[in-house]
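As written, the chains take the letters A, B, C and D, and residue 1 is the first residue of each chain.
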Amino acid sequence: MTKLTTLSDAIRTHVHHGDLVYASGFTHLIPFAAGHEIIRQGIKELTLARATPDLIYDQMVAAGCARKLIFSYMGNPGVGSLRVLRSAIESGQLDWEEYSHFGMISRLRAGASGLPFMPMNPTGAEDLAAHNPNYQQVKDPYTGKSVVVVPPLTPDVAIIHVQRADIQGNAQVWGILGEQQLAAFASQRVILTVEEVVDQAVIRSDPNRTIIPGMVVSAVCHVPFCAHPSYTQGYHDRDNELYLAWDEISKTGESVQAYLDEWVYGVPDRKTYWEKLGPDVHRRLSAGERLSQPVNYGDY
Amino acid sequence: MTKLTTLSDAIRTHVHHGDLVYASGFTHLIPFAAGHEIIRQGIKELTLARATPDLIYDQMVAAGCARKLIFSYMGNPGVGSLRVLRSAIESGQLDWEEYSHFGMISRLRAGASGLPFMPMNPTGAEDLAAHNPNYQQVKDPYTGKSVVVVPPLTPDVAIIHVQRADIQGNAQVWGILGEQQLAAFASQRVILTVEEVVDQAVIRSDPNRTIIPGMVVSAVCHVPFCAHPSYTQGYHDRDNELYLAWDEISKTGESVQAYLDEWVYGVPDRKTYWEKLGPDVHRRLSAGERLSQPVNYGDY
Amino acid sequence: MDEISYNPQELMVVNAARLLKDHDVVFVGVGIPNLACNLAMRTHAPNLQMIYEAGVIGAHPARLPLSIGDPTLVSGATAVCSMYDIFTLYLQRGNVDVGFLGGAQIDQFGNINATVIGDYQHPKVRLPGSGGAMEIAAWANRCYIITPHQKRRFPARVDFHTSIGFLSGGDARAKTGVRGGGPQAVVTNLGILKPDEQGEMVLAAIHPGVTYEQARENTGWPLKITEDCPETLPPTADELYILREKLDPQRIYI
Amino acid sequence: MDEISYNPQELMVVNAARLLKDHDVVFVGVGIPNLACNLAMRTHAPNLQMIYEAGVIGAHPARLPLSIGDPTLVSGATAVCSMYDIFTLYLQRGNVDVGFLGGAQIDQFGNINATVIGDYQHPKVRLPGSGGAMEIAAWANRCYIITPHQKRRFPARVDFHTSIGFLSGGDARAKTGVRGGGPQAVVTNLGILKPDEQGEMVLAAIHPGVTYEQARENTGWPLKITEDCPETLPPTADELYILREKLDPQRIYI
């Protein structure tokens, strides 16, 4: 049974006003095309969760999609600050909820596992917990010591970009895995954006590479270059020039709006966006080839 | 820096009288050769932990290596009962500590993660917990409900068979993963038995396949067919005939002793054991070829 | 029409298969449950998804698997994951529709003993123990048990709760906070038991040629019988053909 | 012998590199710490192992990584794992020897603020927040901080504890139950601060040509100076060659 659909239809069907959205990917595989489609569809009042908000949430907040941010590191990776988010928080326009990376990922681990909480070792840093009542303590029954715990995070919808999947949504990822798998299992609905839709025989040739099974996937969208300006390991490089440029663009509301007008509202879909970037960018971001050596599963 | 050594030296150096040993592998990759070497070296008073004791612990207990068993399913997989263990428990000769699979693996998850305990959802089945004080309860601070927890399991030594590793112990596994990774991280020392020692370039061609890093490995032993009569995915099949035969052999102490005399004490190492099995068995257990399709990591 | 003959194993496999729905995600062991799932897939439930506690999802075995970790389950599967992940991400998260359970004893309320006969500390007969059963019984949406109908296997109370059904009945199961619905059917060679409103296992269907008396005699508690208690449809020629010729031609389990 | 000239970044990288030991497992970020690790690998610590919070172990980058998740870190690495696993199996389990930390403020006891200037709920300046720092500071065996030496960066007390050093000093850190030893050195462009017995950061070494007065003036608390307080050895020609020609030829970070 195919779950193939367009990204536009998938967003319309599965992302609703007010939802808690987790667009995942640690530096790698960030589903920019899906964020842009949410902006184009004018979906509002979202709670946006991501360990690392990155440019994608800066842009979604600039476009007025969000009421709240849940995060653990709010930076423009390798560049500096995320100016839109920072100013929205400093001005009190955006609500937020904050963790360390381990707190954030532990919430996803609990959500994905159907567990009531996850324990964490002490860090001695109590200021964040003092502002976030989701940090709680339980008593370790073996030692009597206090143990910090966080509750499950179960987003309404996760958006996850992967290198290859079949039409049922069995998905394979390599390179940095981040929170891709946990976000998928933790969420009520999963939109998969896929660099390559492959025959199921490809998936079945290497079952250990599958980190998300079709059974938890709601929609499969074939969206090559979905992750630009972040990257997809083996398909294209990170567009560091755009990360640097965003640091300038995001300095004023006008230049942010001009960027959104040109690159989000001004294009109907990712295909047009990618073509608009032009052959020089395509060449600059090409990945080259470095193949894994095969393994033998045996013909039993 | 090479960690390559012989299995005999690795066992002598890293497995001591009275240790808690976890020889891992769920049906797949069970390190029989290491168990046999422990028997040959006459190491005693071990606590043997494994989710599924399988024939390997039946044999080690028969040889008098163990004082205690920690387990979650004590069966001859697909055949029936493990007669040696069963009779040692029924007669009071062997101490034991028992979990469900999830309890057992949660203990390893806590041990491997350096966490004080792992939470589990309620099962309503309280008879096992009544006999095992390691099952404790904490109060969920979010709901007030009671949550079952188990403490970390941190074996003195794990013995782990893998398909391929480099001489530093960076190890790749495919097929059923069982508790291989968690047992390695949970344990103080790790003996790796390896079907193929490969150049590090092979490992580096597919880093996502590496589940155990060299930094936690104490010794790397090149032991082809280490897992017989269990199997190594892509290298040889399970010897189901021996699993069936063991059901007969293990009916009397005499036949068990005869088996150990012939197949454990009577051979110096796995190479001799494998040759003794003979070409008909080798042919019967051959794996055939079914290769994974490669992935591109990109040449960045 | 000629009578079609079949043995008790075939009868149980066929009736268990019919309980499975298309698109069910099934946590399956080897042997009879594996045959039931494969039969369902080849008849009314082509989209059934089989997962194994060894961490295999969407297995396409080329031969009859002989153990829960048979390599034929892995080659050509859609996914393989670690043991911790199969119990958390799949089972505990609520992604499993159906679990199959078994044991030495099943009692009046569907509780199962696979651990010990006699005292736990001084066992008369030591059994294999829980494995995955404790959690499967609690968290799969529904569970099925396939077992020969014998009085010693059906005591009023089990010696040990390896995995629970409805405990002592009533709201006892609900009070434990487990997410799954518990045992929905026990398929035997005499008929099918299902839980009544109190969670008591009652005879809800009877196989052709079996009498109520036989069922009562082979049950260790006063077996209730539902008002309608229909007769099950006998295995069809098609079902038996698939079972005998395709799934278990060497007759290892049937 | 000619004087070798170098800039403050180079000075800090070289001094940080010298703190690393062969076989150290280092949790490393991009930028200056990454350069320090690579320099150490090419000089006295060839068996250094670099791991990244993105889940990359044993990276062999073919180019200078520009972000913590740069694809060049993955191609040719020895292992890649999930974010949950890097924080549990590696960091929390005690497999990490060294962590590098940074932030807008470092105080007298090595506590770091990377979260907020002003009130948390009504921030004057909102900073990126913890990321992995809260746990790295607590669980790595030892931590190093590399930062320019400026009074505004070195207040007596940080506004917010993003990650801890020795808290208020004495046994305050030990009482929290964290496993790591805390910040063992702060490498600046003026010298190296190290914790004394009370966990107070004191000037333990000074770079050539720098005066104690300069160090005191640029520190927000009354800076103590160790009895010997040696002068650091200047960067060698070899160190600078590797840094400039091999590691950062485009001078992105130096």
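Everything below uses one rule, namely that a residue touches a chain if its C-beta (ideal position, glycine included) is under 8 Å from a C-beta of that chain, and two chains touch if they have at least 3 such contacts.
Quick caveat, the model's predicted, so the values are computed rather than measured.
Participant: Greatest Cα-centroid separation from chain B: which chain?
Facilitator: D
Participant: Is the C-beta contact count larger for B-D or for A-D?
Facilitator: Greater number of contacting C-beta pairs: A-D.
Participant: In whole angstrom, what separates the CA-based centres of chain A and chain C?
Facilitator: 40
Participant: Could you please state the distance in Å, as a whole number, between where the Cα atoms of chain A are centred and where those of chain D are centred?
Facilitator: 29
Participant: Quick one: chain A and chain B, Cα centre-to-centre, how many Å?
Facilitator: Roughly 37 Å, centre to centre.
Participant: Mark out which residues of chain A touch at least two other chains, giving numbers and ranges.
Facilitator: In chain A, the residues touching two or more other chains are 114-115, 121, 145, 174-175, 177, 181, 208, 233, 237, 287, 290, 297-300.
Participant: Give me the residue numbers in chain D that touch at least two other chains, ranges are fine.
Facilitator: If we look for residues of chain D contacting two or more partner chains, we find 56, 70-71, 74-76, 80-81, 92, 139, 179.
Participant: For this structure, enumerate the chain pairs that meet the touch criterion.
Facilitator: All chain pairs meeting the touch criterion are A-B, A-C, A-D, B-C, B-D.
Participant: Along chain D, where are the residues that touch chain A in the complex?
Facilitator: That would be residues 30-31, 53-56, 66-71, 74-76, 80-84, 87, 91-92, 115, 120-135, 137-139, 160-164, 167, 173, 176-179 of chain D.
Participant: For the complex, give me every residue of chain A touching chain C.
Facilitator: Residues 1, 112-115, 166, 170, 181, 185, 200, 203-204, 207-208, 210-211, 213-216, 297-300.
Participant: Okay, in this complex, where on chain D does chain B touch?
Facilitator: 25, 47, 49, 56-58, 60, 62-63, 70-72, 74-81, 88-89, 92-95, 139, 179
Participant: Using the touch rule from the top, collect the residues of chain B that touch chain C in their complex.
Facilitator: Touching chain C from chain B are residues 26-28, 51-52, 71-75, 77-78, 81-82, 86, 89-90, 92, 98-103, 105-106, 108-109, 121-128, 131, 145, 174-182, 231, 233, 237-238, 240, 243, 287, 290.
Participant: Once bound in the complex, which stretches of chain A touch chain B?
Facilitator: 114-121, 136-143, 145, 147, 149, 151, 163-164, 172, 174-175, 177, 202, 205-206, 208-209, 233-235, 237, 287-300
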